[in-house]
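See the structures that follow.
Two complexes, one shared chain (chain A), two partners (chain B, chain C).
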Partner chain A sequence: MPRLGRLRARKIRFQRLTPWLLLLPALIVIVPLFAGGLAAGLLRSFNYMPVIGLDSPNLAAYSALLRDDEFLPSLLLTTYIALTSTVIASLLALGAVLMIRRLNAGRSLINFLLQLNLTIPHLVGAVGIVYLFSQSGSFARLALHAGFINEPQQFPALIYDPAAIGIILVYVWKELPFIALILLASLQQGGEEFEAVARTLGASRWQVLRFVTLPNLLPALLASSMIVLAFTFGAYEIPALLGAYYPAPLPVLAYRKFTDVDLASRPEAIAISMIIAVLSLIFVLLYAHITRRQIEN
Partner chain B sequence: MHTLREGRLKTDMTTSVHRTQSSRQTPAPVLLAFALMIIWLVLPLVPIVVWSFAKRWFFPDLVPGEWSLQAWQYLFSPVSGLGKAISASLAIAIPVTLLSCCIGIPAGRALACYNFRGKRAVQLLVLAPVLVPGIAVITGLHGIMLNLELNNQLAGVIVAHLIPALPYMILVMASTFARFDTEFEAQARTLGANTFQVFTRVTLPAILPGIVIGALFTFLVSWSQYILTLIVGGGRVVTLPLLLFNFVSAGRNDVAGALGVIFILPGLIILIAVARFISGRSGIAELPSRL
Partner chain C sequence: MTTLTLENLNLRYNGGADHAVREFSLHVNSSEFITLLGPSGCGKTSTLKMIAGLIAPDNGDILFDDRSITHLPPEKRRAAMVFQNHLLFPYLTVRQNVAFGLKMKRVAAAEIQRRVNNMLDDVQISDLADSKPHQISGGQRQRAALARALVTEPQLLLLDEPLSSLDAHLRDEMRNLIINLQRQSGTTTVMVTHDQHEALHISDRIALMFDGRLGQFDRPTALFERPSDIATAKFFGCQNFLECRISGQRMLCQFGELHLSANSTAGIGAASEYKGTATFRAESLIVNPSQTSVNLCKAELLNVEVAGSYRKCQVKITRCNDNPVSAGEQEPTDDNSIIYLHCHARDINAYAVGDQIDLCIPPESIWIIPG
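Take a look at the complex of A and B:
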C-alpha cells in the first residue's frame, strides 16, 4: 500500500510538471528575448554596464532627455497621435458594426474587405495614404479639377504635417477593421437573445441600443482599444514615412538617436524605448484585466 | 443532448429576430454608410495599383498620361533587388514559422488544457510580446545580440522575429486547444491506442485547422516586420518591406506601387485559402468523434 501511494504521489507530481514541460521551449525563447531584452534595455538606460566598466547606475540618460528640446514635444505628439487615432477608429468601428448588423445584403463583402485589410501591412497602407492625401495626390488633383485650388501648394498639408493627419489616417484605416472584427466576433458570441428579450419586453430601438447592445460591446471595444493604443504609441514605420521632421514621434526619435554616429546618445534612445515599453505594458495589463473580467462574467 | 437542443433553440430564436429585421427595407442612411465604408476600405489600394502601371502621371492628371509595364519590368530585372529581397523575406519568415509551430503547439496546449500555479503570469508573458512595440524591446536586445555576433545577418533577424511571431502562434494554438476536448485522447487510450497513435489519429486532425491558420498568420507577422529587421539587420538584411520603404523614400512611386502589390499578395492568397478552410471547419471538427 505505501508503495502504491508513493507511485501515485510521483505520478501527481509529474502531472503537475507536464504544463511546464510543454511550456519549456517557449519560455526558453521568450524569456531571454523579451524579458531579457527589456531588462538589458532598462540597465543600459540607467548607464549600468559592468562589462565595460559602467558600474554606478544613474539617471543621466533620462535627464538628458528632459533637457532635449525635442523630447517633450515628441512625447506630446505621440500621445496625441495614439489617443486621436484610437478614439476615431473605435467610434467609427462601433458605428460600422451597428451599420453592418442592419444590412440585409453585402455582409460577406464587407467581412471580406475587413479581413483583407487585416492582412495588409501598415507600410502599404501608409504608401496608399500618401498617394491619396499628399499635395500632389489624388485628392489634391480632384480639388484642382473642382476649382477649389489652383496649384498643389494650396492643398492643405496632410502628410509630413505638424498635426500628423496623414499618420492618423493610416491608423484609422488599419485599426478600424481590426476593432470592427473584434466587435463582430463578440456580438456573435452571444447577446443577440438579450436584445430580442428587451424588444419583447417593449424596449424601443434606442433603449435596446443604449441598455443592451452598447454595454454588451463595451468590454470588447475597450480591450481592442488598448491593443490599438499600445501599437500606435510605438509603431515606427508609419511616422517614419509620413511624419514631420520636427518634432518626430517617439519611435522615430528613438531610432534616430539609436543610429546616431555619436554613440553617447544611445542610452537616450534606449531610455525612450523604455518609456514606450512601460506605457505599452500598462495597456497590455489593462487589456488583460478587461478580457479577464469579460470571461469571468 | 440537452445542451444541444438548447443551442438549437437559441439559434432558432436569433434567426427569427433576423428575419423580422430583414423583412424591413434597409434604410437609406445605412446603405450610404455601407457604400462609404466599402470605398474607404479599398481607396488607399487604388493609387498603389494604378501607379504600378503608370509611366507618366503628372499633377494634376486624374489618370496616368501614359500607361506602361515599365515599373514591373524594372522590378523583375536583376538591378531592382527584388529577387534578393523576396529570398531574404522567405529565408526569415519560413524558419520563423516552422520554429513557432514546433515550440508554440505544446505551449498552446499547456495554456489551454492545464491549470497550474503561475498560469496567469505565463499568459501575460505570452501576450505582452505580441502587443509591446518592437522598438521597445529591440534597442535593449541589440547589445546582447552584438555580443553573440547575431547582428547584421539572417540568423539574428530570425531570432528577433520570434519575439512577436512565437507568442502569436501560442495564442492561436491556445484558443485552438481550448475548443479541443482532451477526453477524446483518454477514450482512444482506453481503446488501446499508444501515445503516437493518439496524437496522429485524434489530436492532430482536431487541431490541424488551428495549426494551418496559426502558421499562415505567423508567416505574415514575420513577412510584414519592419523595425526589427532594420535594427538587427543593420542595413545588411534587406527584406521586402525595407526595399519598399527605400523606393517610397526615393520617390519612385511606380516601382513602389508594383512592390506594394507584390508585398500584399501572400496575405491575399492566405486569406482566400483560409476562408475555404474555415468554411469546411465544421466537418473537420467532427473528425475526432468518428474514431
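Take a look at the complex of A and C:
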C-alpha cells in the first residue's frame, strides 16, 4: 500500500507538471526575449547598468521626463490619437455592423472585404493616405481642378499636422474592419434570436437596439476596442510616417531619444517605452477582465 | 381570449424555388392548446414564426379574433414566444428578464413589481429572482423564459420546442407546469414539437405537418387511433398495413377474410364495397387468445427484440380464421405476410424464433384508411 501510494502521488505530481512541460518550448522563447527584454529595459530606465559603472538605481530618467517640455504634449497627443481613432473606429464599426446585418444580399462579400482589409499592412494604408490626403495628393488635385482651391497649399493639412488627422485616418481604416468582424461574430452567437424574443415581448426596433443589441454587443465592443487602444497607443510606424515633428507621439519620441547622439537620453527613451508598456498592460488587463466576465456570463 | 386563424399561408425560400409552408390553413379556438407536430424541416417552426411576425408569409392571411394582423410587426401582435433555447438576456437578472416585456410596454414600476413577483411565484423560482441566467439550471431558465412570456398577458403564447433542451425528469415537470399555467391563464397556445408523446400529452388538438402542408388536425386520440392517412399512421408508430377490399364489416386481404368492428370503417363513406388500407397497432395484437376470439391467426415467430419488459417481434402469418394465407385476393409474399407484434415479455418468453404462435387481431383494433 505505501508503495502504491507513493506511485500514485508521483503520478499526480507528473500530471500537474505536464501542462508546464508542454509549455516549456514556448516559454523558452518568450521569457528571455519578452520578459527578459522588459526587465532589462526596466533596469536601464532606472539608470542601472553595472557594466558601465551605473550601479545605484534611481528615478532620474523619469523625473527628467517630467521636466521635459516635450513629454507631456507627447503623452497627451498619443492618448488623443489612440482614444480618437479607437472611438471613431468603434462607432463606425458598430454602425457598419448594424447596417450589414440588415442586408440580405452582399453580406458575404462585405465579410470578405473586411477580412481582406486585415491582411493589408498599416504601411500600405499610410502610403495610400499620403497619396490621397496630402497637399500634393489626389484629393488636393481634384479640389484644385474643380476650382475649390487656387493652389495645393490651400488644401487643409491632413498629413504631418498637429491634429494627427492622417494618423487617425489610417488607424480608423485599419481597425474598423477588425472591430466589425469581432462584433459580427458576436452577433452571430444568438444575437438575432435575442432580438426576436424581445420583439415578441413587445419591444420596438429602437427598444431592441437600446436594450438588447447594444448590451449584447458591448462586451465584444469593449474587448476589441481595448486591443485597438493598446495597439494604437504603442504603435510606431504610422506616427513616424504621418505625424508632425512637434509634438511627436510617445513611440516616436522614444525612438528619437534612443537614437540621439547624446547617450544620456537613452534611459529617458527606455523610460518612455516603460510608460507605454505599463499603459498598454493596463488596457490588456482591462480587456482580459471584460473577456473573462463575458465567458462567465 | 383570442382565436387564431391561418388562411392559405405560403412561405418559399431559396429564391422562391422551395416551399417551407404551402397552403396552410388552420383555426384555433379561444383558450385552446394546439401543437404543430411533424418531422424536422416540415415547416412547423416557420409557421410559428409567421404567427409571431418574425417571418412574413409570401401570401395568405393571419387573423387574431377574425382581425388580420399579417402586416403588423411582432411587437404589435401580443404573441409572446418561448424558444427552444431559453434565450434569457445574459446581462439581466431573472427578475429583470421577467420584467422585460412589461418595461418595454412602459407599465408602471409598482405594477411591474407586483406582476413579476406573482409570476415568479407561479413558476416557483421566486428565490432565484436576483440570479443571473448562468447561475441557474436549465429547467429554471426555461421556467424564467415561460414567466417572461406569460407576464405580458399575451393574446397568444407561442412555444417553440420548449422542452427539447431538458432532460426527461425536468421535461415532465415543465410539461405539467405549462399545462397548469395555460389552463389557469386561458391563453390560446400554439406549441411546436417533433415529439409525438409530448404532443399527445399536452395538446387539446394536434396539427400534423408534412412537407409544409397540414395533414390531420384533430384531437390526440383521433390522430393516434384513427389516422386519416398512411403517413399519419406511420408517424404515430403504426407498422402494420394491409391493402384490402372492404365489404360491410369484413375485409379481404392477403390473410383471407378478417372481421371488422363497427368503428373500423368510421373514417370512410357509406359505400357498400371499397378498397382501403387496414392498419392496426403492433401492441394491439393478442398472443395466445381464447379460441372463441375472432380473427385468430397462426404465425411463425421470426425475430424478437428486447425492449425492457416488452418484446418487439416480427411474425409471419401462416393461417388466419382457419384459412391459409393464400385464400386472400392478393398473392401472399414474404413481405406482405410479415406483421409486427409488441407484447409483454411473459406472453412470448415461452417461444423461440421459428416456433408457431397463436395470435388474434382484435376487430376493434383495426382501422380502415380509405384509398
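The rule is simple: the second predicted complex is superposed on the first by the 295 of 297 C-alpha atoms of A that agree within 3 Å, B and C clash if a C-alpha of one lies under 4 Å from a C-alpha of the other, contacts with A are read in each partner's own complex, and residues count from 1 in each chain.
One rule holds for everything that comes next: contacts are C-beta pairs under 8 Å (C-beta built on N, C-alpha and C of every residue); 3 or more make two chains touch, one makes a residue touch a chain.
Note that the coordinates shown come from a computational prediction; the quantities given were computed from them, not determined experimentally.
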One more residue to check, A:F194. First (chain B), second (chain C), both or neither? second
If you count the residues of chain A that each partner touches, which comes out higher, chain B or chain C? B
Of the two partner chains, chain B (first) and chain C (second), which one does A:P215 touch, if any: first, second, both, or neither? second
For A:V124, using the defined touch cut-off, is the partner it touches chain B, chain C, both, or neither? Pick first, second, both or neither. first
Could you list which residues of chain A make contact with chain B in one structure and with chain C in the other? 193, 196, 199
Provide the residue numbers of chain A that touch chain C in the complex, in ascending order. 190, 193-194, 196-205, 207, 211-212, 215-216, 218, 296-297
Residues of chain A defined as touching chain B within the complex: 16, 18-20, 22-23, 25-27, 29-31, 33-42, 44-45, 49, 95-96, 99-100, 102-106, 109-110, 112-117, 119-125, 127-132, 136-138, 140-142, 144-145, 152, 173, 177, 192-193, 195-196, 199, 227, 230-231, 233-237, 240-241, 251, 254-255, 258, 269-270, 273-274, 276-277, 280-281, 283-285, 287-288
Write out the stretch or stretches of chain C touching chain A in their complex. 49, 52-54, 73-75, 77-81, 83, 85, 87, 89-91, 100-101, 103-105, 132, 134, 148-149, 152, 158
Spell out the part of chain B that touches chain A in their complex, as residue ranges. 10, 13-14, 17, 21-22, 26-27, 30, 33-34, 37-38, 40-48, 51, 59-62, 99, 102-104, 106-107, 109-111, 114, 116, 119, 122-129, 131-144, 159-160, 162-163, 166-167, 170, 220, 223-224, 226-227, 230-231, 241, 244-245, 248-249, 253, 256-257, 260, 263-264, 267-268, 270-271, 275
